[in-house]
Amino acid sequence: MPEFYNEHVQNALLLGTARYPSPTILEDAIRSAEVDVITVSLRRESGGSNAGQHFWEMIKRLGVRVLPNTASCYSVKEAVTTAQMAREVFETDWVKLEVIGNPDTLQPDVFGLVEAARILCADGFRVFPYTTEDLVVADRLLQIGCEVLMPWGSPIGSGQGINNEFALRTLRSHFPDVPLVVDAGIGRPSHAAQAMEMGFDAVLLNTAVARAGDPVSMAKAFTEAISAGRSAFLANPIEQNDMAEPSTPVLGKAFLS
Amino acid sequence: MPEFYNEHVQNALLLGTARYPSPTILEDAIRSAEVDVITVSLRRESGGSNAGQHFWEMIKRLGVRVLPNTASCYSVKEAVTTAQMAREVFETDWVKLEVIGNPDTLQPDVFGLVEAARILCADGFRVFPYTTEDLVVADRLLQIGCEVLMPWGSPIGSGQGINNEFALRTLRSHFPDVPLVVDAGIGRPSHAAQAMEMGFDAVLLNTAVARAGDPVSMAKAFTEAISAGRSAFLANPIEQNDMAEPSTPVLGKAFLS
Amino acid sequence: MPEFYNEHVQNALLLGTARYPSPTILEDAIRSAEVDVITVSLRRESGGSNAGQHFWEMIKRLGVRVLPNTASCYSVKEAVTTAQMAREVFETDWVKLEVIGNPDTLQPDVFGLVEAARILCADGFRVFPYTTEDLVVADRLLQIGCEVLMPWGSPIGSGQGINNEFALRTLRSHFPDVPLVVDAGIGRPSHAAQAMEMGFDAVLLNTAVARAGDPVSMAKAFTEAISAGRSAFLANPIEQNDMAEPSTPVLGKAFLS
Amino acid sequence: MPEFYNEHVQNALLLGTARYPSPTILEDAIRSAEVDVITVSLRRESGGSNAGQHFWEMIKRLGVRVLPNTASCYSVKEAVTTAQMAREVFETDWVKLEVIGNPDTLQPDVFGLVEAARILCADGFRVFPYTTEDLVVADRLLQIGCEVLMPWGSPIGSGQGINNEFALRTLRSHFPDVPLVVDAGIGRPSHAAQAMEMGFDAVLLNTAVARAGDPVSMAKAFTEAISAGRSAFLANPIEQNDMAEPSTPVLGKAFLS
Amino acid sequence: MIDLYLNGEAISTDAENLAALLQDCGYEHDRLATALNGIFVHRESRTSARLSPGDRVEVVSPIEGG
Amino acid sequence: MIDLYLNGEAISTDAENLAALLQDCGYEHDRLATALNGIFVHRESRTSARLSPGDRVEVVSPIEGG
Amino acid sequence: MIDLYLNGEAISTDAENLAALLQDCGYEHDRLATALNGIFVHRESRTSARLSPGDRVEVVSPIEGG
Amino acid sequence: MIDLYLNGEAISTDAENLAALLQDCGYEHDRLATALNGIFVHRESRTSARLSPGDRVEVVSPIEGG
C-alpha cells in the first residue's frame, strides 16, 4: 500500500467526491470501495448555511483522510491562498496542488505549479502536485520539496486513460523511490490496472466513478482493478513476445492420425 | 457470473493448469483465486505410472469443474478422438476444441475447427471452440451447435493482450446473447479487465499466471481484475471525450486574485 | 514495383473507381496519380443504354489495366458466374474475388472464398482473393493456386487503417515471396505508407480517394505515400529504441558555462 | 509550403545533417530529396584545421538555408552564447533553440527554454524552439516572441514516432495560425505523413535518414511522404467510421443465385 | 410468346434464344455479358441458349467498382 | 457603515473587523476559512483584521472536490 | 506374439485385445482412455477390441493443460 | 606569457587579445566564432577583447548537426 509523506494509506484508489448523483451515493461509494483518501475542495459559504458543516460531518463519519485541492486556480496567488484556507478548514497540511494553465484541457501550468509548490513546501505543506508527464518538471518539483508526484493520464474528466504511456514509464524508471500517482483522465478500471502494472503507486480519479451509471459498483470495481494491477506489478508479469508458446505440453501427446 | 450450456460458473477467470513451477503452486493458485473452471489435457501414460491418477485426485480435491482441451491437434480426426478420450477420462461432455493451423502462431484452423465442431456437437459434446475473431466463422460455429465462442486475443502464450479490439467488439455486438470468452494471448490483469469491460463473459488464460514470478498472487490479481471489468461493464462507464471537464464544481469558487 | 502473375505493374496503388463525384474527376484522379491498375465491376445494362460502353471507352482511353471484382457476391455460385461474365466483358483473366460473409463488416466469407477460388483457379483465372488476415486461410488460398493475397486492413470504406498490424506482419513474414496487397479500410496516406513499410507489395483502396474533398489531389497523395513507404522498406529503416540518441555529435562541443 | 518568419520554404522536410556515413552521402541525400532547410551546429575548431570551412562550402554549394541548433546545451547561458556564435558564423538569425533537461530523453527543459527564448527573441533572433507537447509552454513561447513551435514527437533518435497524438492535435487546434513543426522521434515516412495529415506544417528529422541503410533513398522517401501528408490534409480526408460501406454500388447488381 | 425475367423485370418475348433476345431488346453495343438462370453464357453460346418460360436472364456491362 | 464585497456581493456593514463581520452575517458554524483581498486570514487573526471600504472578503467552507 | 506400437513404442505382446494389453502392461488405475489406430475405443469396448500386428495403441490419462 | 585555456586545453601565449591569439594559433579561415569565459565575442570585438590568465577561450566553426 502506498505511503505519502510517511503516512500509510490503505487503498491506492484516491477518490474524488464531486459530481455524484447524491451525497448518499457518494457516501456509499466511499464505504463500499473502502476508500481511505478522498479529495475535497472549498467554496463560498453564505451566513446561515450549513452546507460545509454537513459535508465535514460526513467526512468525520466516514473516518477517511482528506486531500484538499486547489481546483480552478489559474494563478500562484489563488492556489497558495486556497491551500492556506484549506489547511485551516480541513486540519491537514496535505494539499493537491492544481495550478491550471488552460480551460479546455485543464492541464497544469508547470511554471505556476513549480512556483506555488515552492511557496507551499516552504510553508510546511505536504504538496501533492498535479503535474504533466514532463520529467524535467518532475525533477524540479522534487528538488523544491515535493515528495509525491501526480502526473496526469489525460485531460481531467476525459476518460481517455493514459495518453502517453512511454512518458509515464520514463517517469517511473527515473524516480523509482518517489510515490507516483496517476491523476486525471482515467476512464475505466483497466486503465487504472494498467497504471499500477506500470509500477505507479496509486490512482486518483473522480468522474469515472461519479458519472458512471452505478457509482457505487464502479468505485468497488476500481478498488479491485487497482489492487489487481498492484499485485501483478509485484508478481513479475510475463514479457510480451511475438511468437506463440504452447501452454499445454507437447511432449507425451498421443499420436492419433 | 457467466453461464455455459446452462451451467453457472462462479468465476469468470477460466484458468489453464500447465507450466506452473510445481503442482503445489498450481493448487494454491486455483484455491487462492477461487477458480471454478480449469482447463486440462491428456497425455500418454505408461503402465505402472500414477501420474494421471494423481492429477485427477488433485482435481477432485479442489472440487473444480474441468474443461478438457484438444491442444496440439492439427487434424479433425485427432481433435475428435482426443475429445472422445477426454470425455471418458474426465467424465464431462465439455470440450475446449482446438484445431491448430500453424505451429508458430498456434492459431485455429477455422476449416478444421468447424468440421470438428460439427462432429462433436452431433455427438453430444458441449463444444467451447477456440477460434479467431472472424465473425463469419463465429456464425458458422453457432449454426452447427456451439453455444459458446472463445476467440483469441493474440497468439497463445504471447502476452500481447487484445490485438484486434475492433473485431472483438464487432463479435460482441453481433452476438449479444452468446457467451463469449477471450481465450489466449492475455498477459496482464489490465488486458483481462479490458476484455470484460468490452462485454465479454469470461477470460481463459494460462501462461500469464503460470509463468509469472508469483503465480499464486498473479492468479488472484486476474480474478480481481476480471471481477472489476465485469462490474464496470454493468455499471455503465463514462464515454471518452476530447475536452476536459472539471470534476470540482466551478460555481461558488472563491475569487482570490 | 509489384508483379502479379508475371505482369509488372507500374504503380503499387491499385485504385477503385466507384463513388467519385463525377467520371471526369475519376479520370483526372487516375491520370494524375499515374495509376496502372483500376478495379471495376459489372451491373445490369438495359437495352439501348450505352453506360457500360462509355465506361469501357474511358478505360481504353486511359490505357490502364483492369481488375474486375465480384463485389456484393455472398455465394460461391454468384461469385463464380460474376467472374466468368467479367472475364468476357473486360477481356482479362484477372479477378478480384470477393465472397462476402456479412453485410455490416463486408468481410470475406473465408469458406466460400476458398471454394470459389478453387473453382476459378481451375478455370484459368488469375485470382486476387480479398481475404482476412488469417494465416491458415492464406495458406489454403496459395495451395489451390492463388499467387497473390489481398488481406483487409479494416472494413471496406471504414477508413480505420490497419486494425491488426501484428497479424499482417505475421502474414508478410510467413510468405516472403508472395505478392501481398492490403485491400480495404485504408483511410489516409500514412496508413498506406505504413503497409508498404511493413513490406507489403501494394495497396488497394477506393473510398479514401473517391470520397475525399479533393479526390484528384488525394489520389496523387496516395501514390506518393505508397512510393515513400516502399522506398523506406527497401532502404532499411532504423529500429525503434527506448532511449534518446543525440543526433548532433557531443564530442567537440564548446564549454560555455 | 510552410512559411517561417515570413520566409517561404520549398520543402516541409527539414533535415538534420549529422550521423551520415559520409559527407558525400549527406550531400546526395540533400540534393535528391530537394531539401531546402538543413540543421547545422558548431564545434571547437583547432588552428590550422579547415573542417568548418569545408562544411561551410558544402552548404554554399548546395544553396540551402541553414537552421543552426544549440544541441547539447543544458543551461540558458550556454544556449544563448551558442546561438550568438551561430548567428555570426552562419550569417542567419534563425536558431533552433534546444535547452536540454535530461540526458536520457534529451527532452527540453521548458523553464530554461522559455528564458533563453525570451533573451534571444529580444536580441533579434528568429527562434525555432524545440519544445514538448505542452500547450501552456507553447503559449508562453508565443507570447515572448516565437513565431514557430517545434514540439517533439518522441525522444531524439528514438524513432518511436508520435507518442502523444492527442496532445499534438490539441496544439494544432489551439494555434491554427502558428507554423508547427514536429521535431524529433520520427522513425519512418508513415510517421511524417501522419504528422502532416494532422495539419502540422513541417517535420524535422535526422537520425531516421542518416542511420537508414540507404540514406539517400530514405531522404527522398520522407520528402514524398511529407508531401503526401500535406496534400491529404488539404484534400479533406474521409472520417473513420465503425461500419463498412460498400465501395462498389449495390444498385443494379445482377441476381445470380 | 415466352414470359421470362430480364434483369429482374418480367417481360414477354418472341425471341427463342439469348442472342435474339438481346437484339429484340435493343442492345446496341456488345460490351455485355450474359447469364441464364445464374449460369454464365458465353457470347458464342447465346444463339444456342434457348429460352424457356420463367427463365432469369441477366445482361451486364462495365461499371465503376471498388 | 462600510461598503465592501462579501463573497462577491456588495454589502454594507457596521462590523469593523472580520470576526465581527462573520458574526453579523449569521455564520453559525466555524468550519470556515477566510481571505481578505486575496490574502488568507487565520482564524485567530480575524479580530485584528480591520475592514476598509471596497475590501473583498471571501468566506469558504468544505465542499466535494475532484 | 503380436508386434504392435504402444504409445509409439514397439512392443511384443501375448494380449489378444486391448483390455488384456492394459492389464499385461501393468496399468494399475483406470483414469485412462484408449485409442486404436487413431480411433477412440470406449472403456467397455476394450475387451472386444482385438489387436493385430502393426496396430497403434494409445493410452492416455489426465495432465495439466492450457 | 599568459596561461589560459583554448578550447579546453591549457596553453601559454604572448597574444594580448583574442584576435592576436587566433592569428598566433594558426587559424587560417574566418568561418569562426569566439567566446571568452562563456560570453560571446563578436568578430569585430576580438581585438579589444584582452586576455587574462586563466581565461577560457572557445573557438568554434560549422559542423553537421541535427
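Just so it is clear, A, B, C, D, E, F, G and H label the chains in written order, and each chain counts residues from 1 on its own.
To be clear about the criterion, a contact is a pair of C-beta atoms (placed from the backbone, for glycine too) under 8 Å apart; a residue touches a chain by one contact, two chains touch by 3 or more.
If you're wondering where the values come from, they're calculated on a predicted model, not measured in any experiment.
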If a chain touches chain D and chain H alike, it appears here: C
Message: When contacts are scored as defined above, which chain pair ends up with more C-beta pairs, B-C or D-E?
response: B-C
Message: For chain C versus chain H, what separation do you get between their C-alpha means, in angstrom?
response: 62
Task: Between chain A and chain H, tell me the centre distance in angstrom, where each centre is the average of that chain's C-alpha atoms.
output: 54
- request: Spell out, as numbers or ranges, the residues of chain F touching 2 or more other chains.
  value: 7-8, 35, 38, 58, 60, 63-66
Task: Return the residues of chain D touching two or more other chains; collapse runs of consecutive numbers into ranges.
output: 16, 18-19, 41-44, 69, 71, 77-78, 81, 85, 104-105, 107, 156-157, 160, 166, 206-207, 242, 246-249, 252, 254, 256-257
Task: Quick one: which bits of chain F touch chain B in the complex? Just the residue numbers, please.
output: 7-8, 35, 38, 56, 58, 60, 63-66
- prompt: In their shared complex, at which residues does chain B touch chain F?
  reply: 246-249, 252, 254-257
Task: Give every residue of chain C touching chain D within the complex, in rising order.
output: 16, 18-19, 41-44, 69, 71-73, 75, 77-78, 81-82, 85, 104-107, 155-160, 187-191, 193-194, 197, 206-208, 210-215, 217-218, 220-225, 227-229, 231-232, 234-254, 256-257
Message: Please output the residues of chain A touching chain D within their complex, sorted ascending.
response: 101-102, 104-105, 107-111, 114, 132, 134-137, 139-140, 154, 160, 163-164, 166-167, 170, 174
- prompt: Which of the residues in chain B end up touching chain G in this complex?
  reply: 16-20, 26, 39-53, 55-56, 59, 68-69, 71, 77-78, 80-81, 84-86, 88-90, 156-157, 206-207, 210
